[in-house]
Each structure stands twice: as C-alpha cells, then as structure tokens.
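Structures for review follow.
After this come two complexes, each holding chain A, first together with chain B and then together with chain C.
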Partner chain A sequence: MNKVLFFAHLRDAVGEESIEMEANGKTVAEFKQQISETYDIQKLDTVMVAINEEFAPDSEVIQEGDIIAFIPPVSGG
Partner chain B sequence: MKFFEISQEPINTQSVIDKVVQREAGAITTFIGTVRELTHGKKTLYLVYESYEPMAVKKLEQIGQEIEEKWSGSKVAITHRVGKLDITDIAVVIAVSTPHRADSYEANRYAIERIKQIVPIWKKEHWEDGQEWIGDQLEKVAYPTGKPEESDLNE
Partner chain C sequence: MTDRYSRQILFSPIGIEGQDKIRSKHVLIIGAGALGSGNAEMLTRAGVGELTIVDRDYVEESNLQRQQLYTEQDVKQKLPKAAAAEKRLREINSDVKIQAVIGDANPELLAQIAQGKDLIIDATDNFETRLAINDISQKMDIPWIYGACVGSYGMSFTIIPGKTPCLNCLLKTIPMQGLTCDTAGIISPAVGMVVSHQIAEALKILVEDWEAIRTSFVSFDLWRNQYSSIKMSKAKDESCLSCGTNPTFPFLELGNLTKSTVLCGRDTVQVRPPKRLDIQLEELSKQLMTIGYEVKGNPYLISIETENKEQRMVIFKDGRALVHGTKDLIAAKTLYNRILG
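Let's look at the complex of A and B:
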C-alpha cells in the first residue's frame, strides 16, 4: 500500500489530508490520472508529484510503501 | 543548530541572523517577508500558510546547498512560518553571510526566488468576501480548481 498526501486546494477537493491506496507498479502519470478520475479533479497538469519527499517525473514507477504527495504550485515566501 | 526550519511560532529575526555569523564574512543580508494588506487593491484580512514540513525543510536545505556552491564562502539560514498570520507578521526570514557584500545581496535574492519555486509551502488568502488558496507566484490567479465553480456562483 501507499500513503498519499494532499495539500492546499487539493486537500479541500479530496476532502482528506491523506489516504491509503495501492499504487505499486504504476507510473506517476498513471497514478495522477487515476486520482484525477477518482476525485473528479480536472486540473492536475500543474500539480507536481513527490515520492518520498522528492519531486518525481511522470515516468517514475511507484514502489510498495512509497509516500506519494500531490504538490500544487507553491506560494510560500 | 537547525539552519533551515518551518516554525509554528513567530520568527525571531535576530536568531536567524546569528546562525550565519562567521569570522570570514564581511556582510550579512537579511530578507524579511511580511504579510501585505493590499494586493492589487484587494484587502487581505489574514493569511494561513501550510507546508509539507519534512519536504519543505529538505528543499530549504537544498537551496542552502545551491547557494553555498554558487557563492563561495557563503552561509545561509532560513526560517519560514506556517499557520495563521496577520497583516505585518513575518512569514519568512532569510539570512546570508558572505565574504563580500555584492554576493550577499545576490545570494539572498536567489534564496527567496527559489523558495517560490520549489519549497512546498502554500498560502491561503482570507479576504472580506472569501478565501482562496494561492497557486502562482504573481499572486493574482488562484488555481482553477481552487476557484468557486460555476454552480457555486449561481447559488
């Protein structure tokens, strides 16, 4: 299983801070697509994905136990 | 000593500066980011900052490493606050020391620009007539999905 974290407007859209999901073996792009469909979130193209606290490209394959975070465009500072 | 921090508490600016004091330095620049009341005429009541803390700390550390590679002899400390902040509160303090002043200014500017690119921190603006997560660095456009949907507007 994988822990999946949501922040900012995505947290509001999903209604959860974190969920448990099976993402093992999927690429980042495939998993984004799945989340987009499951939660009916249209605009995930500007959202970055981090795996284990590091930005991950769309082609990266998710492993068992990886922590996945959906990172909307940041607005700190 | 922690050079890169996310803080729930008000930031003590001097303590951030103290971390970069070094005998080799001829300059320390300090950037203090504060909560502005008016953005393009729109009045902010307060902000709420949220972070993905473990990753945010890592990314602040990465910025520190980038600076220490680009500007020889530099030392960096950054603290970013999260939670509810009122107008004029300090959101971020960046202190950079370098042997010479020009580098210190440049490196400090670099740090704040990088924070706005790679550090997972988000702010939610609260106005008199609503609230919105801010998702771009020009602070004008919120995320499309963060805006009220058409159905909401018609209610």
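Let's look at the complex of A and C:
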C-alpha cells in the first residue's frame, strides 16, 4: 500500500489530507491519471509529485510503501 | 546612523563584510502586491544598495488587508503601486536607491530592467510572467526566487542558473486556471511566510553564502498545518528549453504570450491565452459567486462585473476573455490574471 498526501485545493477536492491507496508498479503519470479519474479532478499534469519527499518525474515508478505527495504550484502573489 | 544595521551585522553569517556586500547589490522585484510589498520592505530595511520595483496596477481598498506598504490615502489617490511603494520605502530607508517602474513586466521590459541586477525576486500573480523571469534569469545568469501564495497555502523555490533546476524543469507547461488570491482569497500570514523564505534566500545570495542556499522546494499550509520540503536534485532536465544544453528561452517569444487587443470602436479589450484552454466554467462560476461576484452565464461563457461596476468581463470556455468598459490593454490583462491566474 501507499500513503498519498494532498496539498492546498487538492485536499479539498479529495476531501482528506491523506489516503491509503495501491500504487505499487505504476508510473507517476499513470497514478496522476488514476487520481484524476477517481476524484474527478482536472489538470493534474502540472501538479508536482514527490515520492518520499523527493521530486518525482512523470516516468518514475512507484514502489511498495512509498509516500506520495501531490503539491499544486499556485500563482497568487 | 552607524547603529542602523548593528543587529544584522552581529548575526555571524552576515557580519561587516556581508553588510558591505548587501549595500553593493542591486535587486529587482517583479510585482508590488502582497509579496512585493513584504519583500521590498525587508530588503530596504536590510540596507540593500539599490532596489528596482515594477508593477502595472494601482492601489485598491481590498489590497490593504495584506499589502503592507499601502495606506487608505494611497487608495483614495488611486496611486500606482510602484509609485506608492517607492514613496513609503524612501521614508523607511533613505540610504537605499529606490527605482519604481510603472509598467507591465512583459519580456521586453524584463530584458531591459533585469540588466545588471544581482538578483530577481518574484512577486507576480501569474505563471506567464514567472516563466519569462525564469528565461531571463537563465539568459542573463541572474538568480531568482519563486514565491507564491493563495488562501493559507504558500511555496518558494530558489533558482540559481547552472546550479539548480529551473521553473520550466518543474512545470513543463504554463499551469492555467491556477487558483488566485481573487478567486480563493488569501490571509496575510501566508504572505509573510513566503516573504520570509524569499528574503532569507535573498540575504544568502547577496552575501554570497552559496553553501547556505536552500535547494529544496518548500511549501506549507498554515491553516491545515501541513509543511513539506521536497528535494529537487532529480528535477533538473537536460532537455529543458530554458536551462538545458540547448536553450531556446521559449517564454520570451511573443507567440507564446497572452495577447490583448482593443476591439475597434467597442470600448472592449480581448485577452487571448497563448493556447486554447478548456475552462471548467461551472466550477469557476461557483468560485466567483462564493466571493461575491454576480455571475451570469451559459454553457459557453460566463460574465462578471468588477466591484466598481466599471468593467464587465466575459470568459469563454477556450480561455479567451472580453473585457468591456476599457481600452486599456494592461488593465484588461490585470483583471484577466486576477481571475484566471
């Protein structure tokens, strides 16, 4: 299993700060797609993903037990 | 005023030598809103040699809750933010050479004013300008510090050409329909926290303490009590068109920019994003209603009025917008960025 953390408005969209989900073996891009469909969230392509507190490119494969965080860049200032 | 910087000099990573370095540097701040005010005030108090601050907007009442340089008087006079900031900053520290630039920070202006600066601080409200700053930074080899906030959420990342990944490595494309302070609100502690992260990095860069630079991407949510610090070494992309081996600086090209044009004889400006978007109109209209805009619409477009009822903006599903009641291209783009990021 994997722990998945959501920041900012993604947390509101998902309804929880973190969830447990099976992501083992998926690439970051595939997992983004899955989250986007499950929670009906548009535009995850520019959301940053971190695996175990390290930036993860779309091609990275998620391992068992990895903690995945979704961090949306915002534009306000 | 020999005592003026004594407490900062006592801080050993700065010292007398560091203070001299700070005084010899010229910093450019892009934007004089909430982040711009905070950054400019801290740098002015810290005794930076020269500060150039650019902004296209004027002071409004809804700014006063968080934009620390401005007063009710500035609102009454509708002063341009850059001019009001310059006036206040001179009162705070007459040693610092302050230069206000009232204008739209497009690639052309950025290229002019970035020349010879030691550091650029991002205090803008949209990704298009940030990606242009990012390209200018790489092209001219000037470090810059990304900062952004919305609601109780904020983030910052320091970009040093040749050393760290750049913003384009992280984003790849311009995130559109990002949350903005005008659609999701903002509380001042989120601003202050981002400013503090930016200025801590700025001071390290100004005193040339390169070892001390934070290489992680920091983000936090002060209301939900979330903090994160992401290591970024894997983010550096050698094929990146901004900082890779063959850079083309795509965000300085006019074809990749939002276009504003005055529609003939209609007192209307059209704002068109660089590529077609697919705006979730229903979601956007709900957000705008929550914050008190009167929203009218149909499946193809929504229409809103500004607070003072002087302008009406119609947003189409493809991201295009018509701003009625103005011929001012910059005012129209300002309103567009406020709503759509």
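Convention: the second predicted complex is superposed on the first by the 73 of 77 C-alpha atoms of A that agree within 3 Å, B and C clash if a C-alpha of one lies under 4 Å from a C-alpha of the other, contacts with A are read in each partner's own complex, and residues count from 1 in each chain.
Operating definition for what follows: a contact is a pair of C-beta atoms (placed from the backbone, for glycine too) under 8 Å apart; a residue touches a chain by one contact, two chains touch by 3 or more.
Since this is a predicted model, take the numbers as computed values, not measurements.
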Which of chain B and chain C A:A13 touches, first, second, both or neither: first
Which superposed partner A:I41 touches (first chain B, second chain C, both, neither): first
First, second, both or neither for A:A69, with chain B first and chain C second: both
Which superposed partner A:G25 touches (first chain B, second chain C, both, neither): neither
Touched partner set for A:G77, first chain B, second chain C, both or neither: both
Which of chain B and chain C A:A56 touches, first, second, both or neither: second
Where chain A meets both chain C and chain B, residue numbers: 5, 7-9, 42-43, 46, 50, 53-55, 69, 71-77
Chain B-touching residues of chain A, taken from the complex the two chains share: 5, 7-10, 12-13, 41-43, 46, 50, 53-55, 69, 71-77
Interfacial residue positions of chain A with respect to chain C in the complex: 5, 7-9, 11, 17, 42-43, 45-46, 48, 50, 53-57, 69, 71-77
Touching residues (chain side chain C, partner chain A) in the complex: 31, 33-36, 122-127, 130, 147-151, 153-155, 165, 170-181, 184, 186, 217, 219, 221, 224, 226, 228-235, 237, 278, 280, 341
Chain A contact footprint on chain B (complex, rising order): 33, 49-52, 54-56, 58, 80, 91-92, 112, 115-124, 133-137, 139, 142-146
